[in-house]
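Going in written order, the chains are labelled A, B, C and D, and every chain counts its residues from 1.
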Amino acid sequence: MIYFFIDRWRIRMVHFDNDYTEGAHEKIFERFIETNMIQTAGYGFDEYSNKARDYIKQATKTENIDVHFLSGGTQTNLIVIAASLRPYEGVITADSGHIQTLETGAIEAIGHKLLLLPNKDGKITATQVQKLCEDYWNNKAKMHQVQPGMVYLSNPTETGTLYSKNELIHLSKICKEYEMKLFVDGARLGYGLVAEKNDLTLQDLTRLTDVYYIGGTKIGALFGEAVVVTNNEIKRGFRSIVKQKGGLLAKGRALGIQFEVLFENDLYFELSKHAVNLAMKLKNTFEELGIPLKYEAYTNQLFPILPNKTLKNLQEKYIFLEMNQEDADHTLVRICMTWATKEENVNALISDIYKLMKE
Amino acid sequence: MIYFFIDRWRIRMVHFDNDYTEGAHEKIFERFIETNMIQTAGYGFDEYSNKARDYIKQATKTENIDVHFLSGGTQTNLIVIAASLRPYEGVITADSGHIQTLETGAIEAIGHKLLLLPNKDGKITATQVQKLCEDYWNNKAKMHQVQPGMVYLSNPTETGTLYSKNELIHLSKICKEYEMKLFVDGARLGYGLVAEKNDLTLQDLTRLTDVYYIGGTKIGALFGEAVVVTNNEIKRGFRSIVKQKGGLLAKGRALGIQFEVLFENDLYFELSKHAVNLAMKLKNTFEELGIPLKYEAYTNQLFPILPNKTLKNLQEKYIFLEMNQEDADHTLVRICMTWATKEENVNALISDIYKLMKE
Amino acid sequence: MIYFFIDRWRIRMVHFDNDYTEGAHEKIFERFIETNMIQTAGYGFDEYSNKARDYIKQATKTENIDVHFLSGGTQTNLIVIAASLRPYEGVITADSGHIQTLETGAIEAIGHKLLLLPNKDGKITATQVQKLCEDYWNNKAKMHQVQPGMVYLSNPTETGTLYSKNELIHLSKICKEYEMKLFVDGARLGYGLVAEKNDLTLQDLTRLTDVYYIGGTKIGALFGEAVVVTNNEIKRGFRSIVKQKGGLLAKGRALGIQFEVLFENDLYFELSKHAVNLAMKLKNTFEELGIPLKYEAYTNQLFPILPNKTLKNLQEKYIFLEMNQEDADHTLVRICMTWATKEENVNALISDIYKLMKE
Amino acid sequence: MIYFFIDRWRIRMVHFDNDYTEGAHEKIFERFIETNMIQTAGYGFDEYSNKARDYIKQATKTENIDVHFLSGGTQTNLIVIAASLRPYEGVITADSGHIQTLETGAIEAIGHKLLLLPNKDGKITATQVQKLCEDYWNNKAKMHQVQPGMVYLSNPTETGTLYSKNELIHLSKICKEYEMKLFVDGARLGYGLVAEKNDLTLQDLTRLTDVYYIGGTKIGALFGEAVVVTNNEIKRGFRSIVKQKGGLLAKGRALGIQFEVLFENDLYFELSKHAVNLAMKLKNTFEELGIPLKYEAYTNQLFPILPNKTLKNLQEKYIFLEMNQEDADHTLVRICMTWATKEENVNALISDIYKLMKE
């Protein structure tokens, strides 16, 4: 392999900039190979997809849900929203929401406007949502505005913060009051569910939302997200919308097998814990060294504000995502741990940070 | 493995009904595993995707093309068409075209009407296209109709027939004359390119069309299609459209690696030949037994018209796609060979057919 | 006025080619002027629109309908369909339907596929619709096709034929059975309702359909169609969809006043009768002269098959719409009578036809 | 007439809340009546539309423009934008822009995202636009954002402010630099062009923008906007897009006649001046009485901040649009003058304000 050859001659940089730098958990490839020549039906009617759906019903302790497997986050968001709204309805989201900032207008491209609320640490509150709805429904001058039809959250959020059960209960209540759907983008759901501070379960999510998804791409899968639909209106024709938007794989097994492996022995949660444990270890380092974190950190993402000099030195070996110049001497960066992060790399990073900060 | 266990007790039916019943070629999984923990950039900027793009440039003997990797046929068709047309333009297609019959209105869902031409054995002609364009442009009463902006073909077609180089030259000429794009859906392209009767090369396709794709899902890949764009107008912002329509995988390597493996030693063509050779073997059987084929067959698909009694007997072991009741005693079925079809299964099928027809 | 000046010097051709060649009934302009400086609320909340809605409720003898005023047929069709379907649903229509042939892909542009049925004299039958639905719902192979969600009819049809009450009852029944909406495009509704052969009333239409519209543009109005919505699902947010699609006039009075005038003393039906009476007079001429009509004619449109020589002579004074070359010596043309057609012009035409045919 | 009867018994409130409370200038109705029975071609091919197009070419002193007549502002905005952008492109607009705030998501409904810039008095600057474009094009992290493809302005803005020629020149320059279209929404264009402070001409607009429209609905027409297209890319198929979006009136004369009348003797500018003169008269009153205006006022709209007590008293006779509660004792309101505003009503208002403020 040419790649290993190269590695002998130069030091490969270590990526901490995002959570999709490696392939997939090895058990997934093992299962692909084991089952490879077994012939199955296409389009998600295969036995692996069925098994995976069963596992997810067990994990959510709910029978009357529909589970669909899709390829990525943007695809999932646009399909879920297409299935949920009438043409004149829009989606309430934090202004930092992934659908607003990083999906090239995917939601607008299917015809729906985003109704932005200013985020606080990546989150929005039931009170904010209520205020927006009251304004819309009570104010005659609003009659030519877009009707709020859905609330979109991500949990963990883009900045790694978490919604509490109580916050979700309030948001769910407001949604019901104004006949809106509640949708939770769980691209990093596992990393949230295993967090020390988390008090939400899959069962809670299933009960409190109309639809959400369990992210695989960032947690052990090569690609794939599992959508859980509880609302009967959204269930109607969902599969047809998946096909119409180009989201239905002929070889549905490619997704089914991955979620079967991830959920048959709680591998999904194990991998999530691995990443979060490493993140907490690094967090301790930052705390000890007095390096501030921009956002409360309990999941796989850390947002330290680093002295520029330290950062520059670290960047000889490590890749981070630079978010913002906080002041003349400090930069906000994102550091991600994943299911695939090697502990030795984190240890090396910690040691390097100590060294640089003590100089 | 539970699946092997089951197999000991019952005979698993052998699928010949479509070309996506198995997983992927084993070399793909090997490569996935070898490269798994190498960290790469996301969204198609990884080294494997780059390598795969290089291989395809070599195979097409053309440098100034853009190559994009997508997940499936419907997704590819809708993204290519979105990138090609202005809002009021429609797509000329055979009434048997995949975009018309089996994509749940994916093209209409992005706003474009299909302009149907009656197919002959799955194909349309330059003359038909010319007639439609003349009618549109010369007839004042047509002014409220949709302007033809693209011609969509599949090669091989849905019924396994092939366009000759000469036919494609004529179609290309008409398209240029009426300022339309020419798009070839190559979901089964490999099976066509290796056919005895074929006189088209990848280089011809690159020269004669504005955009086409090389299908992977049906030929060795777990999923994936490689889009080749030659037209500069279509190139503009193509990547943004991919992202917007939910077609951009975070781990672009999942596609890049597959096409790297398929194209690094002509594996793609080898696998195609395997399927076509088996199909030709079975075709001989049909010819010898006087079983008529509905469509000329040179690729991996056969469309025999079987006596109902024979069919019923065969269906105890084999699965075919029933297409149509041709008369009281005969049924048109589709039989697909693929890169993964085992020769022993084809031999068994041939032997069973002989037995049943001689009875 | 320059136009009258010109008329002194040359004979202006008489249009019989369509039903929108003149302005509007004079009473409409009178009312515009009378009410011109009265200030009203905008966007259809004015007193004239309210009055017009009341008149239509009286005419349909139904209270629980929503009535919306729109500007033209294509706009109405696309707004009604947007309000009626989920994304994966399509519209069953005759292949001769206006939405298929003459609206520049307006329905596809809002994302919905048309499911075509071959027309017989512009009409489709309950049996055809039932067959299509059975095929879709019973056939596994259809699972990637578009789900039928609505039946679209026009009455009178594009070729001037009429649905009987019995036919509409059957279509309505099938729609209910398959949970589809029934939508009647009434661009020429008045001309149908007053036809000798008609047995449908506005009350029947209101009871049997989910939504239909009463065409004004072709019957006395300068522009405007009145949509009658009976289905509660379609009512939801209809007004927002009108605004979103650009169909909501700031000065809603411009539409309200027109329908107030047309419906306050049955002017709409009076004008319809005027046109139909003239058409029947001309129809008698054709019958007497043995000139065949392509389609049964009871409304304002006639489709005679004229000898080319006669046609050419008539075209020195009159404009018809040439539809088709029926054979070497005969041409199918469309002749429209309208609310504005002058009886003297019809008399002159009749006299000229007699003369030419007797030569 | 029942309305006059009512007026004898109660005082009708005087509307100053918007600029579409009356019908149309009387000359328009006169012309409708004069030309009513003249038969014309449909869909904008009539002689009145042609004449109106000629007048607008004269007024802009430009020959190679396309002029299209549409029915209202939202319709115009969505058609222009559909004709201008590729799918992944978005529209830069002030966050106070009409397309953002009051069109029920019309632009998102055709697939395009709005890229918001914070407005200053309703306006945005070339510097803001440049900054947004630099961020998009230079920042790799922006690669999944929507590409800016157009700048949308309204002139006068929603708050009645005006762009100077110099400002427009700078905006035009930035648009060219980043290959974006410049679109000016001129729903109230006339009121801007005749303003004392204005230094822009129709000729400037034609030269500096890619497309703009001359608003009729708010300035003398019953309904109607005249789109002026200078950019050849936008010209392509514009008419087909108009038809597809439901914007093409069968009786195009209904629009053509209005713009013919408005532009044949500068009536459009005369009517604009009438409104602006009345607004300036009222502005003097506010200045004399020390009532502050929220926004610089040179057109037909005034935004005074009124003491609540004064406002309450005035609201017994007059209707204003309440915009915002500025503090416990003051309210921001909008007062519109139009082509139809009676001087006597303005005089009465002025006199009432004096009385109330002097108490």
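Annotations
We adopt the following convention: a contact is a pair of C-beta atoms (placed from the backbone, for glycine too) under 8 Å apart; a residue touches a chain by one contact, two chains touch by 3 or more.
Quick caveat, the model's predicted, so the values are computed rather than measured.
Set side by side, B-C and C-D show the greater C-beta contact count at C-D.
Most remote chain with respect to subunit C, judged by CA-atom centres, is A.
Remark: subunit B and subunit C have CA centroids separated by 43 Å (rounded to whole angstrom).
With each centre defined as the average position of its C-alpha atoms, the distance from subunit A to subunit C rounds to 51 Å. We define each chain's centre as the mean of its Cα atoms; on that basis subunit C and subunit D are separated by 33 Å. Counting partners per residue, subunit C has 87-88, 103-105, 109-111, 144, 146, 240, 243-244 as the residues that reach two or more other chains.
Across the complex, subunit A meets subunit C through its residues 43, 82-83, 86-89, 110-111, 143-144, 146-147, 236-237, 240-241, 243-244.
Looking at the complex, you find that subunit B touches subunit A at residues 1, 3, 12-15, 18, 20-24, 26, 29, 32-42, 47, 71-79, 103-106, 109, 217-218, 222-223, 240, 243-251, 253-254, 340. Listing the residues of subunit A that touch subunit D in their complex gives 87-88, 90, 101-105, 107-113, 141, 144-146, 321.
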